[in-house]
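Here subunit A shows up in two complexes: once beside subunit B, once beside subunit C.
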Partner chain A sequence: MIEAARKAGIVIPHFCYHPALGSAGACRLCAMKFLEGPVKGIQMSCMIPAQDGMVVSTTDSEAVQMRSLVIEWVMLNHPHDCPVCDEGGECQLQDYTVAGGHAIRRYKGKKRTHNNQYLGENIRHEMNRCIHCYRCVRFYQDFAGGDDFGVMGRANLIYFGRKDSGVLESPFSGNLVDICPTGVFTDKPARFRARYWDYDMAPSVCPHCSLGCNTVPMARYRELLKTTARFNDKVNGWFICDKGRFGNDRVNSPERPRYPLIDGERVGWDEALEALVRRVGEVTRQYGTESIALVGSPRMSLEGNLLLGQLAACVKAGLLSYFIGAAEGEASMAASLLVGEKSRSMAEVREADCIALFNCDLLEEGPMMALAVRQAWRNGAKIFLVGVSSPELKKLPFEFSAVDLIDEVPFAGCKSPVIICGTASADISAVRKAAGAPAGVTFLFNAPNSFAAAMLAVESQSPAVSEALAGGKIKAVIAFEADIPADLPVGVELLAVADWMPTDVGRKAGIFLPVTSHLEMDGTFINNEGRAQRFKKVMNPGLPIKGLDPLLHPPRVHGKTPQGGDVRPSWQVIASLIERFGGERVAEPLDGKWAALRNLDPEGEGTRIS
Partner chain B sequence: MIPKQLREELLDHVASAVTPREAAVEVMRALQAFYGWLTDEAVDEAAEILSLSPLQVEELATFYEMIYRRPVGKRVIHLCDSISCWSAGAESMMAYLRKSLGIDEGGTTENGIFTLVPCACLGNCGEGPTMLIGETLYGSLTPERLDQILEEEREGVRCLDN
Partner chain C sequence: MSLFKDIKALLLGFWTTGKHIFLRPLTIEYPEQKRTPFPRYRARIVLTRDPDGGERCVACYLCSAVCPAGCISMQAAGQADGRRYAAWFRINFSRCIFCGFCAEACPTMAIQMTPDYEICNRKIMELVYEKEELLIDGCGKEPEYNFYRHSGIGIVNPRGGNVDEEPPVDVRRLVP
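Entry: the complex of A and B
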């Protein structure tokens, strides 16, 4: 009934019901008056399937009173202290308490109190705020397959936690923060740093692996404070993994390069770009444009990687490359070529009836894929692990049978079989094998935009950087967000690097160009499945206020950008280089066949491009 | 550690259950009978026997009020304080037990014989006030009957000890 009402645009208050976890009938907040149909009177709407002919009222006075009493009852033991609770402002309990009209505490007895547990550096536990909706344990054990967190005791002693204090073991533990409707679990690094209305936030896409889970990063004062999950039915569903949620440090890192540099000296953008053009000219005069290498990256946005092709044409570069290692490049290119119609989304994996894990370490290469496989397994799918299993793999949150060869997996007779194949350790023959088997395929790559990089590499027939460098012809390397090894061959005379992360090769660069991270710009990633997704700018770039020397803040230097904020998206840097090399002005990076992606809805499901 | 034979018996029992979890209560009771209460070590042993995590055993252990996660006396008195027994005078029975044993609810007598706990409903509502000691259910309690029962139970413990 809750879902039927939602479809009709009516929100029924609820705590324990969650679309991914189902109904529990535990909180009693979804009470409605059933006026006509097979059941009558006050009923829990999460427990009654909607039927034709039912007439149900949310506003009936008896239902309204029931809900307000439920709230008062739920608040018996809950502290009345939202102003000092980190959840305040983004708390379902607070909202419904206000909505239910409970403002004055009538209960004069003692509140039940609990000791909290240490759950690790990411999640803070405050059991006194629990309202016994059971969402946490249903997620942790049933949905995610964890076994070190649960519910103990009974009645007023009920306790949601671990047997003993200690770090939560599930790689999906951070979802407790999102699904607890009150402040029992809060994001520890972000605690008391901001209220909900203070955050800079926007729809974004996780950059930590190739699955492209949807997120809402939350920032304040140019510091990324926390990352939460955003619903996308086709991709991650409701949840994200802990790697995606708690991997916030690198954006805020004090090590992040923030200024253009020539030979280590801070310069302005114009100076740096001019120097780059000049030095490329010098190398060209001596060795020809054949000696110039442009390197894109599977972690750079589609826009940047696309324009890099134009820049390569402009300077007539001898090499345009998107991958460092030959094996990764080959496997990724093959996968992007082969997958086509057979590509399966995470949603389709959740619905599959037979899944083969081939050449991959799921929890390493795409943790949310393991959660998707678990849902298929819970629905009865058979799971096969092909090849040798390392002891690490035993931690997978589902049961599987081990087989030696992919041909042994009984795909025949299955309605929706899927092979999940990694490309990190796979050689190209494994990729071909996976694509050739009678099943859908889901490849895992190692970066958020590997698929796009692979498509572009296929189009331009680019070899991997390592091969070209080994050949000795390359004298100038211009790399954008690329993880090339820092020990380049001696023959390379010019190294220019654009990046937002501090890398060894960046520190060695003669010309360094600081760019924005994906949180400080709009852009597009294409995930492992071939789904293009738009991410929006979350925050302004610049040194986070936290960490600035208080004596030097505010800076008494007049300028239009905050300290360290004069960084640009890679695609814009590439666009201005195109102009400086005599090419046409780029107003819109998504052009030609990519123009269709211009209006990609950042809050939609994304678009499959192959 | 429990003796090998008990362990094997329990493993057999688990193997014949439809799901291991179903056998959890039996296993916990057996371990409790061996140790006197369900010690931390026993929780870990039960988890291993049942192929559950220690937390999952703890969930069950703390749910059932006749599984003891703290040391208890040799005889645990569960006196019902639910509504039928309460209206039949359970409160005064509790007061009488407190006085004659010299302990509060949750406490254990110094000689380690009795632990006193309230419980909610023993399914003997027709004969309130009711209490359970070990596997024996006592109904229609009066102070005189309590004296007599306590003496019999003490006697039972003495016989066992000898």
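Entry: the complex of A and C
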């Protein structure tokens, strides 16, 4: 009933119902008056399947009174701590309490209290705030397959936690923060940092693996405070993994390079770009353009990697490359070539009836895929782990049978079989095998934009950097967000690096250009199944106020650009280089066959490119 | 006729003005002479302390959210014992319109309006008050309230030790 109403545009208040977890009938907030149809009177709308002929009132006075009494009853034991609660401002209980009109406490008895548990460095527990909706256990145990957290006690003693204090073991535990309708679980790194209305936020895409889960990063004062999940039915569904949720540090790192450098000296952008053009000219005069290598990266946005091809044409570079290691590049390229029609999304994995895990450590290479496999398993799918049964593999949240060879997996009798194949081991024969088997395939790569990088590498027939460097012909390396090894061969005379992360090779660079992270720009990533997704700028670049001197104090001077804020997206840097090398002005990085992606909706499902 | 009316209007005007020669003057010779406003007059804002001497403000961001002029900013932080406080707190009095919404929104009675209306300054930056300048050594208009004695999170009393709370539940207890 609750879903039917939602489709009709009517929001029924609820705590315990969740589209991914189903109904529990625990909170009693969704009470509606059923006027006509098979059931009559006040009923819980989450527990009654919608049928033809039902007439239901949300505004019937009896239903309204029931709901406001439920809220008052839920608030009997709720602590008086909204001002110091991090959920405040984004709390369902707060919203429905205000909506239900409950403002004055009539009950004069004492409030129940609980002791909290230590649940690790990421999640903070405050059990007093619990309203017993059971969402957390239903997620943790049923949906995510965790067994170290649950519900204990009975009646008024009921307690949601672990047997004893300790770090939550599930790699999806962070979703408790999102799923709890009150402030029992809150994001510990972001504790006491900001309120919902003060966050800079925008639809974004997780950069920590190739699955491209949809997120909403939340930042304030140029510091990324926390990341939450964003619903995308085709990709991650409602949730994200802990790696994506709590991996916020590198964007905030005080080590992040913020200024253009020439031989370690701080300079302006124009100076740095001119120096780059001049030095490339010098190398060209001496060794010819054949000696120039341009390096893109599977962690750079599609826009940057695309323009790099144009830049390579402008300088007639001898090498244009997107991958460092030959094997990694080949495996990714092969995978991107082979998928085509057979590529399966995470949504399709959730629906599959037979899944083979091949050549991958799922919880390492794409944690949310493991959650997708678990959903298929809960629906009765058979799971096969091919080859490895090593005890080092992290505990998978589903049961599987181990087989030795991919050919032993009985795909034949299945309607929608899927192979999940990793590329981290850079084993091309495995990639070919997976693509050749009679089943859909989902490859896992190691970076958010590996698929795009592989596609471009295939188009430009580019070899890996390591190979070319070993050849000795390369005298100049210009790398964009690429993780090239810091010990370059002696013959290399010019090293220019553009990156937002502090890397060893960046510190060695003759010319260094600081660029924005994906949170400080608009851009596109193509995920492991070939789905292009747009991410929007979340925050302005620049040193976070927190890191400035005097400690914790914002400056009392004013300016248009914050300290360290003069960094540019890689694609813009490449575009201005194209101009300086005599190419045409780039107004729009997505051009030609990519123009279709220009209007990609950042809040939509993304577009599969084939 | 209109001439008669005009003369009457003129004389009435003179009469009204002339009357005031014999009335007590209302003008106050500020700044030599100062008026005492009512206690609820809304002027310079202060941050108060609770009766135990602790800073009342928990940096909940409600005042900054409600402020129509957007002149309050702060950063919340936590002490080792879990007490939440403002690491810095700033009011830009050159923008404040003294509407009093902040004081009304404050759940801890920390931010209060005082009748001190003399805060003009030619240097705008001196109208930006920091926490040190805002914090006073008293409870202001609310001598009793200490938020943490009601909040249930165990800062001034152990958890479950406030007057309106039961001691923490023992989950493994068998008695109902």
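The rule we apply is simple: the second predicted complex is superposed on the first by the 598 of 610 C-alpha atoms of A that agree within 3 Å, B and C clash if a C-alpha of one lies under 4 Å from a C-alpha of the other, contacts with A are read in each partner's own complex, and residues count from 1 in each chain.
The rule we apply is simple: a residue touches a chain if its C-beta (ideal position, glycine included) is under 8 Å from a C-beta of that chain, and two chains touch if they have at least 3 such contacts.
Since the model is a prediction, treat every value here as computed from it, not as a measurement.
*Asks:* Of the two partner chains, subunit B (first) and subunit C (second), which one does A:115 touch, if any: first, second, both, or neither?
*Replies:* A:115 contacts subunit C only, not subunit B.
*Asks:* Just to be sure I read the superposition right, which of the two partners does A:553 touch: subunit B = first, subunit C = second, or both, or neither?
*Replies:* After superposition on chain A, A:553 lies in contact with subunit C alone.
*Asks:* Which holds for A:156: it touches subunit B only (first), subunit C only (second), both, or neither?
*Replies:* Touch status of A:156: second partner only.
*Asks:* Is A:192 contacted by the first partner subunit B, the second partner subunit C, both or neither?
*Replies:* Once the two structures are laid over each other on A, A:192 reaches subunit C alone.
*Asks:* Give the label of whichever partner, subunit B or subunit C, reaches more residues of subunit A.
*Replies:* C
*Asks:* Contacts for A:84 in the overlay, against subunit B (first) and subunit C (second): which applies, first, second, both or neither?
*Replies:* After superposing on A, A:84 lies in contact with subunit C but is clear of subunit B.
*Asks:* Following superposition on chain A, which residues of subunit A contact subunit B and also contact subunit C?
*Replies:* 152-153, 157, 159
*Asks:* How about subunit B: which of its residues touch subunit A in the complex?
*Replies:* That would be residues 43, 52-56, 58-59, 62-63, 65 of subunit B.
*Asks:* For the complex, which residues does subunit A have touching subunit B?
*Replies:* 147-154, 157, 159, 162-163
*Asks:* Please name which positions on subunit A make contact with subunit C in the complex.
*Replies:* Going through subunit A, the ones touching subunit C are 79-84, 88-89, 110-115, 126, 128, 152-153, 155-157, 159, 191-195, 197-198, 221, 545-546, 552-554, 556.
*Asks:* Which of the residues in subunit C end up touching subunit A in this complex?
*Replies:* For this pair, the touching residues of subunit C are 58-62, 64-65, 73, 75-78, 84, 87-88, 90, 107-108, 125, 128, 147, 150-153, 159-160, 164-173, 176.
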